[in-house]
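As written, the chains take the letters A, B, C, D, E and F, and residue 1 is the first residue of each chain.
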Amino acid sequence: MAKKRAVYPGTFDPVTYGHIDLINRARKIFDEVIVAVADNAVKNPLFTKDERIDMLKQSTRGLKGVTVEGFDELMVDYVQRKNINVVIRGLRMLSDFEYEFQMALTNRKLNDNIEIIFMMPKESYSFVSSKLIKEVALWGANLSQFVPPFVETKLRKAFKK
Amino acid sequence: MAKKRAVYPGTFDPVTYGHIDLINRARKIFDEVIVAVADNAVKNPLFTKDERIDMLKQSTRGLKGVTVEGFDELMVDYVQRKNINVVIRGLRMLSDFEYEFQMALTNRKLNDNIEIIFMMPKESYSFVSSKLIKEVALWGANLSQFVPPFVETKLRKAFKK
Amino acid sequence: MAKKRAVYPGTFDPVTYGHIDLINRARKIFDEVIVAVADNAVKNPLFTKDERIDMLKQSTRGLKGVTVEGFDELMVDYVQRKNINVVIRGLRMLSDFEYEFQMALTNRKLNDNIEIIFMMPKESYSFVSSKLIKEVALWGANLSQFVPPFVETKLRKAFKK
Amino acid sequence: MAKKRAVYPGTFDPVTYGHIDLINRARKIFDEVIVAVADNAVKNPLFTKDERIDMLKQSTRGLKGVTVEGFDELMVDYVQRKNINVVIRGLRMLSDFEYEFQMALTNRKLNDNIEIIFMMPKESYSFVSSKLIKEVALWGANLSQFVPPFVETKLRKAFKK
Amino acid sequence: MAKKRAVYPGTFDPVTYGHIDLINRARKIFDEVIVAVADNAVKNPLFTKDERIDMLKQSTRGLKGVTVEGFDELMVDYVQRKNINVVIRGLRMLSDFEYEFQMALTNRKLNDNIEIIFMMPKESYSFVSSKLIKEVALWGANLSQFVPPFVETKLRKAFKK
Amino acid sequence: MAKKRAVYPGTFDPVTYGHIDLINRARKIFDEVIVAVADNAVKNPLFTKDERIDMLKQSTRGLKGVTVEGFDELMVDYVQRKNINVVIRGLRMLSDFEYEFQMALTNRKLNDNIEIIFMMPKESYSFVSSKLIKEVALWGANLSQFVPPFVETKLRKAFKK
C-alpha cells in the first residue's frame, strides 16, 4: 500500500487549538499530513507567512507525519504539483458551511482529480475562529482556551505595536 | 428581591426602530436596561461614539429604567465591572444567527458568569440593519420607516459631507 | 421589586442534560422558573406526561426557585393565565433556529404581551436532542453523557418493552 | 396585452455564465429584460461601470429583448422611473439567500409597487460568484467554465497591472 | 403580445393570508394566475382536495385573472399539459428555502422548459404556515390574523370532530 | 503501510447516482470502502434491507475495493467491531448539514476513536435525495437522471403494488 497523504491548506492567522485538533484527527486517517500556509495577501493577515509557518511548526512539533510549508499559487495547482489528491478542510458548526462548499465546488471545477474532505473539530472549538480571536485579543482578553501560550504572547505583542 | 439589571451592548451606527423596539421589550422583563455603546473602531463607524450615545439618549428619552453609556473595553469585562450578569442581544430573522452564536460562545469562554439572552424585534423590523440603512441612505432614500426623524436628518447630513 | 418569573415550556421526552443546564442558567436570571410540560399528543411522546413531569422533578430536586408542572392548552393562554410575561426557549447551535423563530412569531401574534427569550445551553450539549437520544437508545448506546442515570434506566426499560 | 418588462439589476463585476444563464431564463418569461448595471462605488469594483456594461452587451449580443444600461440612483427609484414593476434577482443555492431577502424587504418598504422575483441559475453555476472568480483569477486559474473567453482575457489583463 | 400565464401550485391545507397575498402579487406580474391544488395524499391533508379548492375559490372571488383548479399528476406534467412555462413558489423568510430549492432543481431535471420563480409574501406573513396554523388551531387559538374568517370556522369545525 | 479502510453507512432506500458518485470518490482516497446498509426500521423504508443491499451490490459491481453489507446495531459499535476508524458521510449542498453535524457529534460522544469525514457528491447530484425520488416516482416521473435503470424499474414496481 502506498502512503496516504493529504494537504490541509489555510491562512492560519494565527493557528488555534481548533486547527491543532483537526491536524491530530487527520493524522489518525492519513500517513502524512502537509499543513500548507497560504500567503493570502488579499486577507491582509496580521502575521507574515513566515511567522504563521513558524507558529504551526512549533504547535505540531513532535507530531509524527506532520509537515508545515507555505504555498504561493492556486491551491489546486499546489496540491497537484505535490502529487496529492486529498485536501482537508475543517468545518465548524457555525458559519463555514456555505463558503467552504462554494470554494470546494469552484476548486473541483478547476481540478476534479482532487477530493476535498471535511472534518469537524472538537465541539468545544467549533466556534473558535482566528478572526474572532483577534477581535477579543485587541481588548486584552485571556486567550488561554483558544490558542497555545506562545501564540497568545505573539498576539499580545502584535496588538501593542 | 434585588433589581434585575441587563446590558444591551452594540455599535448602534445609527440606532434604528429595531433597536428601540428591543429596548422596550427588554424593559418589560428587566428593572433596568443599560444600553452600552461600543467604540468599535474596527468597524469604522459613520458616527462618533458620542454621536451614537446622543442619538440613543434622544431615542429613549422618557423610557423609565433605561440608561445609555459608552464602553471601551472587552464587553465581558465591562459587564462584570458593572456587576451585571445578563447581556441582551437582538436576533433578527435573517443573518444574525451564526455570528451572534459564535460571539456568544466566545464570550462565555471568557466569562461563564454572564448569561447572554436573545430577543426578537417586531417582525416588521426583523430585516432592518444599520448597515443596509446606510447603504440606502447614501442614495437619498426615504428612511422614515427605519429610523426616527432626527436620525434620518443626521444620516442625510453625514452623506452630504 | 416584584419577583421575576419565567416559564420554560417543552415536551421534555425525556429531559436531557441540555435542558437541565438551561434551567440552571435561567435560575441565575429569574427568581422563579416554572418548567411547563406540554402534553403534546401530536408528537406522540415515548413517555406519558406524568412520567415526563416526574423525571423533571427528580432532575431539578433541590434547585431553589424551580417548579415543574404540566399544561394542556395553548402555550400563550397558559402563560397568560399564570400571569407571567416571559417564556424561555433553548436555542441549540443546530437545527432549532428556524422552527423556534417561526413558532415565536406565531405566538407573538397570538399574545404580544408575552416576551420569548432564547438562551443557549453549554456548547457540549448544543447538539443533544431528545429525538436523537431516543434513536441511539434504541440500539443500547451508553447515554451517560446525555441524560441523568435514572433517565437512562427509564429509556432502557422503554425500549425493552 | 401590454409588453411585460423586467429589470435585472446588479454589479456584474464581471459578468459570469451564471448571469447569462439567468438572463436567458428571464427572457423566456418577459418580453423585455433590462440588465441594469449599478455603479456601486461602495463595493469598489475591479472594472469601471462602462467596462461592465460593455462586457454585458457583448455577452448578450443577439439576444432579442435584452438591453443593457447603467444606473446611478436608488434601485427602486430607477425601476419606478422606467415605469417597470418587476425586478429579477438570481438566487444561488449557497450564500445569497439571507442578504437577498433582507435587501428585498428593505426595497419593498421603500416602494411596495415593485415586485422582486427570484430565479435560480442552472445548478452547475449555482456556486459561481464574481467574487470567487476574481479570487482564483488572481492566481491565473483557467476560468473557461465560469466566464466567456473575452471576460477571461479582461480578468487576466486586470490582474497583470 | 401573448397573455402571460403562470401556475401557483401547492397543497393549501388550508389557504392562509400568506397565500392570498402571494396570489395578489403574482397578479401584478402575470395576466393569468392558475392556483393549482395538489391532491397530495402523501401529506395526509386535513381538508379534502375539493374543500381546499372551494376555500381558495372563495378567497380569490373577484380577483380578475385568477382561477383555481386541482391536479393529480406530476406537477411538471400538469404545467406542460396546460402549455404554461412559469411556476410560482412562495418563499417564506424561514424554513422554505432548502426544500424549495431541492424540489425546484428536481423539477428542472424533469422538465427544463419550465421556469420556477420565487416570490416573497408580505413580511408579516413570512412565518405563517398552514402546518403551524393547524397546530395552534388544535388548541382553539384565535386565527383571525392568519386566515380568512370562513377558513377559521372550517378549522374549528375540523378539530371538533 | 496498512490498508486504509472506511465505512460508508446509510439507509440507501434506494441507492441513487449521488451515492454511487460518492462511493467512487471515496475509492480514490481509501483502499477499501465498506458500504454499510442500516436496517433502519424507524424510517420505515420502501425496500427491505436485503433488496437495498442487492441494489448496492449491483450498482458497485466491478468497483475494486468496494464491499456491501448490512448492519443491525449502533453504527459506532458496528464500525468499532470491524476495527475501522473512518466513517464517510455525504454532504449535499442542501438540507443535510445540520442533521449530519448533530448526528456526527452524538456519535463522537459515543466513540471518539472514530473520525467522521464528509464528502460532496458531484454538484448535479447535490440535491438528489432518496426521499424526493420516491415522491416523484409515485407520479411516474422519468428517473433516468437520478438512479440506475434497474433501480428505476424496481421503484416503478414498488409503486404499482
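Everything below uses one rule, namely that a contact is a pair of C-beta atoms (placed from the backbone, for glycine too) under 8 Å apart; a residue touches a chain by one contact, two chains touch by 3 or more.
It should be emphasised that the depicted structure is a prediction, and the values quoted were computed from it without experimental measurement.
K.L.:
Taking mean CA positions as centres, which chain lies farthest from chain E?
P.N.:
A
K.L.:
Does the chain A and chain F pair touch with the same residues on each side or with different residues, judged by whether over half of the numbers are shared?
P.N.:
Answer same: the two copies use largely identical residue numbers here.
K.L.:
What is the distance, in whole Å, between the centres of chain A and chain B, each centre taken as the mean of its C-alpha atoms?
P.N.:
34
K.L.:
Calculate how many whole Å lie between the centre of chain D and the centre of chain E, each centre taken as the average of the chain's C-alpha atoms.
P.N.:
30
K.L.:
I'd like to verify one number: the distance from the centre of chain A to the centre of chain C, where each centre is the average of its C-alpha atoms, in whole angstrom.
P.N.:
Between these chains, centre-to-centre, one finds 38 Å.
K.L.:
For chain F, jot down the residues that touch at least 2 other chains.
P.N.:
Those would be 93-94, 101, 105, 123, 127.
K.L.:
Write out all the pairs of touching chains, ordered by chain label.
P.N.:
The complete list of chain pairs in contact reads A-B, A-C, A-D, A-F, B-C, B-D, B-E, C-E, C-F, D-E, D-F, E-F.
K.L.:
So in the complex, the part of chain B that touches chain C is made up of which residues?
P.N.:
Touch residues, chain B against chain C: 1-4, 25, 28-29, 31, 85-86, 91, 93, 97, 101, 104-105, 108, 115-120, 123.
K.L.:
Would you mind writing out the residues of chain F in touch with chain E in their complex?
P.N.:
It is residues 94-95, 127-129, 132, 135-136, 138-142, 145-146 of chain F that touch chain E.
K.L.:
Which bits of chain F are touching chain D when the two form their complex?
P.N.:
Residues 93-94, 123-124, 126-127 of chain F touch chain D in their complex.
K.L.:
Can you list the chain C residues touching chain E in their complex?
P.N.:
42, 73-74, 76-77, 98-99, 101-103, 105-106, 109-110
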